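First up is the structure itself, then whatever we jot down about it.
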Amino acid sequence: MGFVLSVSLRLIAGRSFVAWVMLTVMSLPFLPTRLHAQRTASEIVDEVDRLLRGRSSRATVQMDILTEHWTRSMGMRIWSLGTEYSLIRILSPRKDAGMATLKSGEEIWNYLPRVDRTIKLPASLMGAAWMGSHFTNDDLVKESRIIEDYDIEIGYEGRREGVEVWEFILTPKPDAAVVWGRIEEQVRQDDLMPVWVRYYDDRGDLARTMVFSEFQVMGGRLVPAHMVVEPADKPGESTTIIYRDLEFDIDLEPSYFSLRRLRDDRGSE
Amino acid sequence: MTGRLSLLIRLGVRNVRRQRRRSFLTALAMGLGVAVLVFSRALGDGAHEDWIQAGVRLGTGHVAFQHPRFQASGKLEDRLSSEAVQTALTALELPEVREYVAAAASRVELQALANSATAAVPVAVAGIDPEAERHFSQLGDKLIDGRYLESGDRLHAYIGERLAKRLDLDVGSRLVLTGQDATGEIAGQFVRVVGIFRSGLPEADERVVHIPLETARTWLQVGDAVTTLGVLLESGWDVPEVVGRLRVQLVDDQDAVRVLGWREAMPELDAAIKIDDYGDYIFHVILFALVALAIVNTVLMSVMHRTREFGVLRALGLTKHQTAWIVFSEGLILTAVSGLVGMVVGFAFTWIFFRNGLDYSFAFEGDFEFSGVILDTIIIPEFRIMQVLQSLGSIFLVGVFASLYPAYRATRIDVAEAMKFEA
Amino acid sequence: MPGGPWWRIGWRNLGRNRRRSLIAASMLAVGYFSCVALMGWADGLVAEMIGNGTGILTGQLQIHASDYLPDRSVYETIGGRDGTNVRQLVEQVAADPDVDAAAPRVYGGGLISSGSATAAAMFLGVDPDLELHVSRIMNALVSGEHPAAGANEVLVGTEIARTLGVSPGDEVVVVAPAIDGSLGNDLFVVSGVFESGLAELDRSFALLPIDALQALMVLPPSRVHEIAAFVRDPWQAPAAAARLDSLIRARGLDVAAESWTTIRPEMVEYAQLTQSFQWVLLLIVFGMAIFGVANTMLMATFERRYEFAVLKALGTTPSGIVGSVLSEALALGAIGLVGGAAVTFPIMVWWHLAPPDMSWLFGDFTMLGALIRPVLRVEYPWTMTVGAAVALFLTTVLAALYPALRSARIPPADTLAGR
């Protein structure tokens, strides 16, 4: 049974949570970009983490996945409203174009254009990885704030490769429901852009790394348009996310995220 | 009439004593058969009791209280409210029930997902009370690393070896359990692995997770509810009795609480035990057939041998009926004596050599799995009054039937012809 | 006839008290029957267990790419990425003398959905025609029919059908991740529902035509995960596996051929335990019979003490007397054996070919993960058949030994004088 589920879950159920992947992993700074030295580490990390919460967004994203057995590049369009609602539609490649995932509250639906059918995914089928990528379920379901779950301190403050940065060390609070033993995060001091995040397991071994780059202004904010996730146990494998365009605070209501729209997005922006 | 009868019986007794060697040999044969019977019954009963114990401990116990729909749905929404639990506990306190109860354990059970930095795996989580569980599932006995849960534990989990491997966990590692709570939301719960077990059952080693009951209740927001209140009895033989009494007591609460015996909760185990019983019955029937033949052999031969004697007796006025009675009682006495001796020998043998158990682990490497239960390769014999009575009864019956034919033959002796025989 | 006239005398002596001889012989016959029948039943149980454990789905012999087990990665097909000529390979496997039939299989995991109900499933792609001869799962239908080759049809387990609320003819969506990273999905029709009795199968398996699953998973027809084979005598499977392993490797394919004895070793252990049981049985049954026969022989010789006395007076040697008594015992044994065999063999044949169904008494159950149906099936226990016969004769001879020796030492004069 475990085999069935690990295979299926790895590849299917998580897709609905791409929005959360984006939301929680993308730590986006808020303008203005000037740093207030009086801010504590917690405040900084919180801002970096919290910026997309409570907001709506719409993005066009390219995801490149490199695994031992195959390589894929997907284009998708993502709408999200807070952490409760999201709609992802795949634009390319041709074979998967039109596939869409809707998360509304606790329910997750997938639309399969090839057969013109919608399937519902029960909560129990939420899985470890999404669409074969290296994002995990743990990334996705987190609806709480990072500072609620972690104690933060500054590990290093100074120059790295010519750039002034902070390196934060995040240790889970005693009861926090998180799987990481430790997280380390490097953030640029002048614009609060994250440079990399390292996730360690309980034993202190590096489990995966995220690296941010291509910092540019999109949708009125400075964001890292390029993000790479690499698992530590599978060298050579990676998932890369590239933002093609991004808008914030668009006009979106919960009613937008309906089954009807899942099936048919004519008239969607 | 009674006076006659006792005379006839005394004659029967004397006849048996007269043919000492023959009687002795027969008694030996029968005694051996009876001894084997006793031995195999004691071990067989012991083995079954073991299997049932092993099975119900990992399951819901000999008797279980659950929400009426829980057995079918397995869902958290079908749980016992704290009032229902109280009702059940009160029922257990009844004097006529309490004497049978060995242990009781509350559980909150849920199908959830276990997440680590490495992977996410579906598991069966049970929120348990460590003290009660120690006597109940005894999963703590299968410990291979760390320790079992203790009272006062809060954020601790006890997991199987295979699960630990899949999620790359050691003792002390962190684990996040996610599942649907009572409000329908997906909730995560952090725990640390405090111990790892190996039960030998792949399913259990991969899927069973024990966490403290209170932790499960808080995580899933179920208050004081439980999904199952499991009860272990002193002996599996009392289950029908206890279930009956509990159902009577709880007849008004049928909508809230359902009482299940293990045979309903674990039909596979039930069927397996039955088939083994079946094999035993066949073996016993064969033994009895042999014993019966031995009796017929001896008694008949002794009758034939004493043809002349019976002829004389008949000539002197003994009726057919009375002749038959003499022979019949000879058979019965033979049966009784050898049966008793056989039983005593059988019990003594079993007790002396095997009271600490018959170990057949030499026959297996590793563990033996039978209908979803890992069996200990030691059988401890069980002696029950019922068993003794049944054995006595069967032997008696065998004796009766086996003596019928010779008695019948004795009546057919033609008096005149008999006189022609040599003594 | 060696032994001279003693043999005939012994034989004839049996007839002098027919009833007694008959009873003693029946004891022996019953003993024989019970040993053979019980052992046959135990063997039958083992055969049933092996048959079900291997016959329902796994097959007695399996061939995989050498790295396929234990993780069962969908990427590890036979012949690697290039695959192989599947038909040729299947034929080669089926050509082995002990193999009756072979079939190719593809495994995948995914989801089946109908309306708003979705179930996780393990997909097994089979060749419907070939698979029929290899495993029994296709015959465990409770409704509908087999999926047709080349069609988008699926055969689901009874628990899946229940979860999804579907029956034959209903449409379902089948989703399976493909080996190129995409998500394979297509519409299928439920062709039928099976019930194997094994909860894991009924709850999570779905069978599809192999080409449909390959298309879904973007596997070319040359790539399969397994060749499963049906070996009629399961105990020949290990040898067949070894043969096929070297044969196929010689062709250049990196495979591992395994039989059920390595895949399910606990079954072998159970079979061995059953074998050891037969000695215990023999001991008990004939241990009891020995007393009965001894009793009979004692009586017989006692009755005839005058006769022996006369014989001795006439010059018969003690060994001659012993000979006659022993021959009588042997003759008794012979009759017992003939009688026993006469009853046993027809019943064994009956129970082997048309085992009575005991399911009105018991339901089905599982042991070592194999479904056992409560039929009174027996296998011919050859060892026991011979063993019980030998034990039978030993019993009679041993039982007669004491009476024989005693008779040989009868003092002729005193006996004849009545003392």
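When the chains are written out, they are named A, B and C in that same order, and each has its own residue count from 1.
The rule is short, and it goes like this: contacts are C-beta pairs under 8 Å (C-beta built on N, C-alpha and C of every residue); 3 or more make two chains touch, one makes a residue touch a chain.
Quick caveat: nothing in here was measured; it's all calculated off a predicted structure.
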The pair out of A-B and B-C sharing more C-beta contacts is B-C
Furthest chain, CA centroid comparison against subunit B: A
In angstrom, rounded to a whole number, how far apart do the mean CA points of subunit A and subunit B lie? 57
Centroid spacing, where centroids are CA-atom means, of subunit B and subunit C in whole angstrom: 27
Could you say which residues in subunit C touch two or more other chains, in rising order? none
What are the residue numbers in subunit A that touch two or more other chains? 1, 5-6, 9
Contact residues on subunit B for subunit A in the complex? 111, 113, 115-122, 155, 166, 168-170, 172-176, 178, 180, 184-186, 188-190, 206-207
State the interface residues of subunit A toward subunit C in the complex, per the touch definition above. 1, 3-12, 65, 67-72, 93, 95-96, 99, 110, 112, 114-115, 117, 119-122, 125, 131-132
As the complex stands, subunit B meets subunit C at residues 21-22, 25-26, 28-29, 32-33, 36, 267-268, 270-272, 274-275, 278-279, 282-283, 286-287, 289-291, 293-294, 296-298, 300-301, 304-305, 360, 363-366, 368-372
For a test of understanding, state which residues of subunit C touch subunit B in their complex under the given definition. 17, 19-20, 23-24, 26-27, 30-31, 34, 38, 41-42, 266, 269-270, 272-273, 276, 284-285, 287-292, 294-296, 298-299, 303, 358, 361-369, 372, 374
Which stretch or stretches of subunit A touch subunit B in the complex? 1-2, 5-6, 9, 106, 123-124, 126-128, 136-138, 141, 172, 174-181, 199-203, 207, 233
